[in-house]
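After this come two complexes, each holding subunit A, first together with subunit B and then together with subunit C.
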Partner chain A sequence: MFDIFLIEAVINGVLLGGVLALLALGLNLVFGVIDVVWICYAELVMIGMYAIWWLFVHYGVPLPVAIGAAVALVALAGVALHVLVIQPVLGTPPINQLLVTGGVLFFLQAAATLAFGIEFRNLGLRMPIVEVGEMFFSFARILAFATALAGVAALWLFLTRTYLGTAIRAISQDREIMPLMGVNPRRIYLVTSAIGGGMAGIAAALLALQYDVHPAIGLSFGPITFMICVLGGLGNMAGGFVAAFVFAQFISVGGFYAQVEWGYVIAFAFFIVMMFVRPQGLFSR
Partner chain B sequence: MMLEVANLTRRFGGFTAVSRVSFALEEGEILGLIGPNGSGKSTTFNMIAGMLRPTEGSIRFAGEEIGGLKPVEICHRGIGRTFQIPRPFRRLGILENVVTAAYFGQRERVSRARAQAQAEEALALVGLPADPRAEVAGLGAAGLKKLELARALATQPRLLLADESLGGLDESEMDQAADMLGRIRRDKGITIIWVEHIMGVLMRVVDRVIVLDHGEKIAEGTPRAVAEDPKVIEIYLGAERVAFAGDRPA
Partner chain C sequence: MSAGAALPRRLPPLAGLAALAAVPLVGLGNYHLHLAITILIWGFVYTAWSIMGRFGMVSLGHGAFLGIGAYVTAMLWNAFGLAPWIGIPIALALAVLMAFVIGYPCFRFRIVGHYFALVTLALGEVVRLTIVALRDHTGGSLGMTVEGVAGGTSLLALQFGDRGAFFYLALAVWLGGLWVWRLVDRSMLRYALEAASEDEDAAASIGVDVTRAKLAITMLSAAMTALGGALYAQYQLYINPETVSGIGISLQIVFAVIAGGLYVQAGPTVGAVITLLLAETLRVAVGHDVHGLDGTIYGLLLVLFIIYMPQGVSGFALALWRGLRDGGARRADAGAAAR
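Let's turn to the complex of A and B:
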């Protein structure tokens, strides 16, 4: 049976997948290169969302400028996170790294609550709805999807076409050899942290167009971002990209057959089952 | 003097891996560093390359003290090293491996075009194709050693620390590897320290040999003199026969 609403749900899933892919990409990059999981990744996104809201709503800064500033700010936050929190625990057991970045998560949540209160804030923008045939799509989602794909493509080009990108891809394979080839690992980690943060900043801009920001917003998409990375194989950027679209379909199509919450339940159940079947990720060999 | 090592010592807790080793190296020389497994050859290399900090002693390269500098700094000063067990970046292509070394490995920033040209030259020197699509997975033991060497050469070293240990190669491959080091010195004027535990193939190419045993230098001299040294013969007796060009290790 040809069901136009199902097609609408599938396409909405694809649009959602783009944003999830971008979210997962920054986290995956940092893990793949530095071998550290930024548990507080979604809270970096939150910083970006608040920055956009603050600049745009309070100071009337034009939206593109506010977004640019927010991306730069979150990139800087990524560097600060690396220098202040990650660097001191780099050589220690992974559990320490999880715990400190977990600590940063709660710190940022609490700081946001103190600074902005628990209210839900939004940009107050009314984004148009796009009608195609008899299907309706949010313009914000289409914009987010296009930007996310452009971000993914830009990162891919950077990693494969530049020598700095090549060094970033190489360093996770053998950390000891890199310095003998003249590559300073510290510098690579700083650049990676800035890019990871910048990706979180772009994601913040895309999410701020669609969702309200509040201190706990990280909890609504932090776990799913993390699960996408694990499902794709932590550090495997191509795997994370595909996993983002798989998850988005579960949420969107699952939500179409039942409620949206059921979409999440199915997605998480799928994740748990996959952890039994393919613990190293969908594309492990 | 290109390199002057004086009283170099490295202790790990109570164990002394290298004990008061001194030697010097003229520009353009090939020095063989031999000794049984565990004699301190790799530890000595690791100290010169900056991967280990000397406990005592000094390492002067081109007149400057480099002991305790970071590997990145030592690479930028012009010392390249290879590993006994090749350690390529397997998820990068062959050319990518070497270009990365050329691009980052020199003190002065080089252009992309120059790094590319230097990488191609290094690959040609060792006899590997500069095909951008060639993958590391396609290389055998000898090919991996060549890649290791090309990567070190791409950083434009004045001194090459070649941890060759030709175990795993057949006779013709060993000869090829020895000839290659000889050619690198002759054509590029690069000073070389060659670490090896099989003596035969090395003796044909090097100007001078140092023998380490239990972290101490027990002999130094021309290949012929060292090969006839009773202390050296004693160490190698039963393991291998000391051999010259034409002879083969037993």
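Let's turn to the complex of A and C:
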């Protein structure tokens, strides 16, 4: 019964959960505060990955600098997305807001194809493999896991310990009353979009270390990221964090018993069933 | 080619039909005939989506039904030699069953808006990944080829080596789709669903069985979409998971309809014309080597459409035409109806 490969799969699942949690974090923040689903969120991550690849491989920019530039770029992209696309549709039916970012998804995906071609690009780094006992773990995943934990902690501190963070939390609870309290919602939305974008940029840096980047990469990460946010309860950071690990276990352990695709199938099917059982999210009160 | 489709209600549909029926006879050549067939097939699929989409039930997972239609029909034919005449009904039955299994809890528990979109999105991915995972039977991501019959043409196998013959098949199915759209448009179901999309409680209080009405339209839409998938497989004789299922194609369906016009009978077909002509024109203009230009422009157009023209090209045209006709008195009515 004691199967070392199964344990390896479980631990890899935990590490994958870290990556997914980090991915979901920025989306969840935007979701919770602005009440808009960025369907194109994973495409913002893609922008970051291309930026890192472009700077690092073509211009020989040192990796940390490239990552910093990419994070800043994606944060800017988040602000641009909000100002150019989300703001004009804020008063329209919610489904328009969902669809308009879907248009951005198409745009970014095609623009990436236009600019970089459909080839798979990678940084050409060989990340070390960590061996524990007879189990093997990718260093990039451990790094991603640690960064995800740090990211969650930093975001939590920001949201609870700063004036701006408090305003963000307040506006997500009641968007009518906050303007009366002297909070400028437009400014809060901009800051939130920038942080959401920055989180996407950090996720991009960690993903670029372990995956090749190509124009369709958003389609493989996007759906799972939405499901994590919804399953955790929209805007519920802690819930989203736990949901990321639940999903990751389905994928990792499911992939251990059968093929990886079956792991995803089970994860998505689980999501659908949970939507029926607890539509308000797994961890809502 | 879209002349018949773009005409508003009550204006000579017969003349348009005659013009369409003559398309294969005027010697267009294979390329243009191929474009026409593609527009008809996708026009039908988009119409199938719009039948439920117009009531605010935005499904981001119609690729699931498309995939079932295409793969079940093709697999039954390849593995058991079961002709599409039997395979398609089986595929449609499966698609309807899936629509029921997913739809019933969704509507019963009032999963609407974002949440409905995300549940259907998950469904589309489940079907795509299942197709990939069953690679021993489906060929996985490499796709599968529908086994051709000797000589290329067989009514039994629903394969036509001659594009002209397939054109008429696609035309018939497309017209059937428009007819169903019209039936729904004139039925009580439409009023029930419009009421439900405004306010479910109010609709239920005046005796609308919301769950049942939504379920009916979803199952109808699923069956039509699956038929479109089967038709696509029979025409291309090659399918792969990305082109008939999953999030990519599901979003493509939604956006083509939005570009064309969600609330007008011809809208989805106009969407098919726009997307295809855009892609083909740019491909001819800038050549094969530049990938992604059409998508970039298309994506940009979509964003602009949703922000500035949410009723789509045909909805906008219709509003404009009505405005001119009524001297501007009711200028905004199509625009208002589109809200």
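The rule is short, and it goes like this: the second predicted complex is superposed on the first by the 284 of 285 C-alpha atoms of A that agree within 3 Å, B and C clash if a C-alpha of one lies under 4 Å from a C-alpha of the other, contacts with A are read in each partner's own complex, and residues count from 1 in each chain.
The rule we apply is simple: a contact is a pair of C-beta atoms (placed from the backbone, for glycine too) under 8 Å apart; a residue touches a chain by one contact, two chains touch by 3 or more.
Treat the numbers as computed from the prediction; the structure is a model and nothing was measured.
A.B. asks: Considering only touches as defined above, state whether A:Leu180 meets subunit B (first), subunit C (second), both or neither.
C.D. replies: Once the two structures are laid over each other on A, A:Leu180 reaches subunit B alone.
A.B. asks: Which partner does A:Ala258 reach: the first (subunit B), the second (subunit C), both, or neither?
C.D. replies: second
A.B. asks: Tell me the contact category for A:Val85 with respect to subunit B and subunit C: first, second, both or neither.
C.D. replies: second
A.B. asks: State whether A:Leu63 touches subunit B only (first), subunit C only (second), both chains, or neither.
C.D. replies: Neither partner.
A.B. asks: Which partner, subunit B or subunit C, is in contact with more residues of subunit A?
C.D. replies: Counted on subunit A, the partner with more touching residues turns out to be C.
A.B. asks: Touching A:Ala112, do we find subunit B (first), subunit C (second), both, or neither?
C.D. replies: Second partner only, subunit C.
A.B. asks: Quick one: classify A:Tyr163 as touching subunit B (first), subunit C (second), both or neither.
C.D. replies: So A:Tyr163 only meets subunit B here.
A.B. asks: Which partner does A:Ile142 contact after superposing on A: first (subunit B), second (subunit C), both, neither?
C.D. replies: neither
A.B. asks: Based on the A-chain superposition described above, do subunit B and subunit C contact any of the same residues on subunit A, and if so which?
C.D. replies: No residue sits in both footprints.
A.B. asks: So in the complex, which bits of subunit C are touching subunit A?
C.D. replies: For subunit C paired with subunit A, touching residues are 56, 58, 102, 105-106, 109, 111, 113-115, 117-119, 121-123, 125-126, 129-130, 132-133, 246-248, 251, 254-255, 258, 290-296, 298-300, 302-303, 305-307, 310.
A.B. asks: In their complex, what parts of subunit A are in touch with subunit B?
C.D. replies: Touch residues, subunit A against subunit B: 163, 166-167, 169-170, 173-174, 176-177, 179-184.
A.B. asks: Residues of subunit B touching subunit A in their complex?
C.D. replies: Residues in contact with subunit A: 49-51, 70-72, 75-76, 80-81, 83, 87, 89-92, 96-97, 99-101, 103-106, 112, 115, 151-152, 155.
A.B. asks: Which of the residues in subunit A end up touching subunit C in this complex?
C.D. replies: Touch residues, subunit A against subunit C: 37, 85, 88-89, 92-96, 98-100, 102-115, 117-118, 215-216, 219, 222-223, 226-227, 230, 258-259, 261-262, 264-265, 268-269, 271-272, 275-276, 279.
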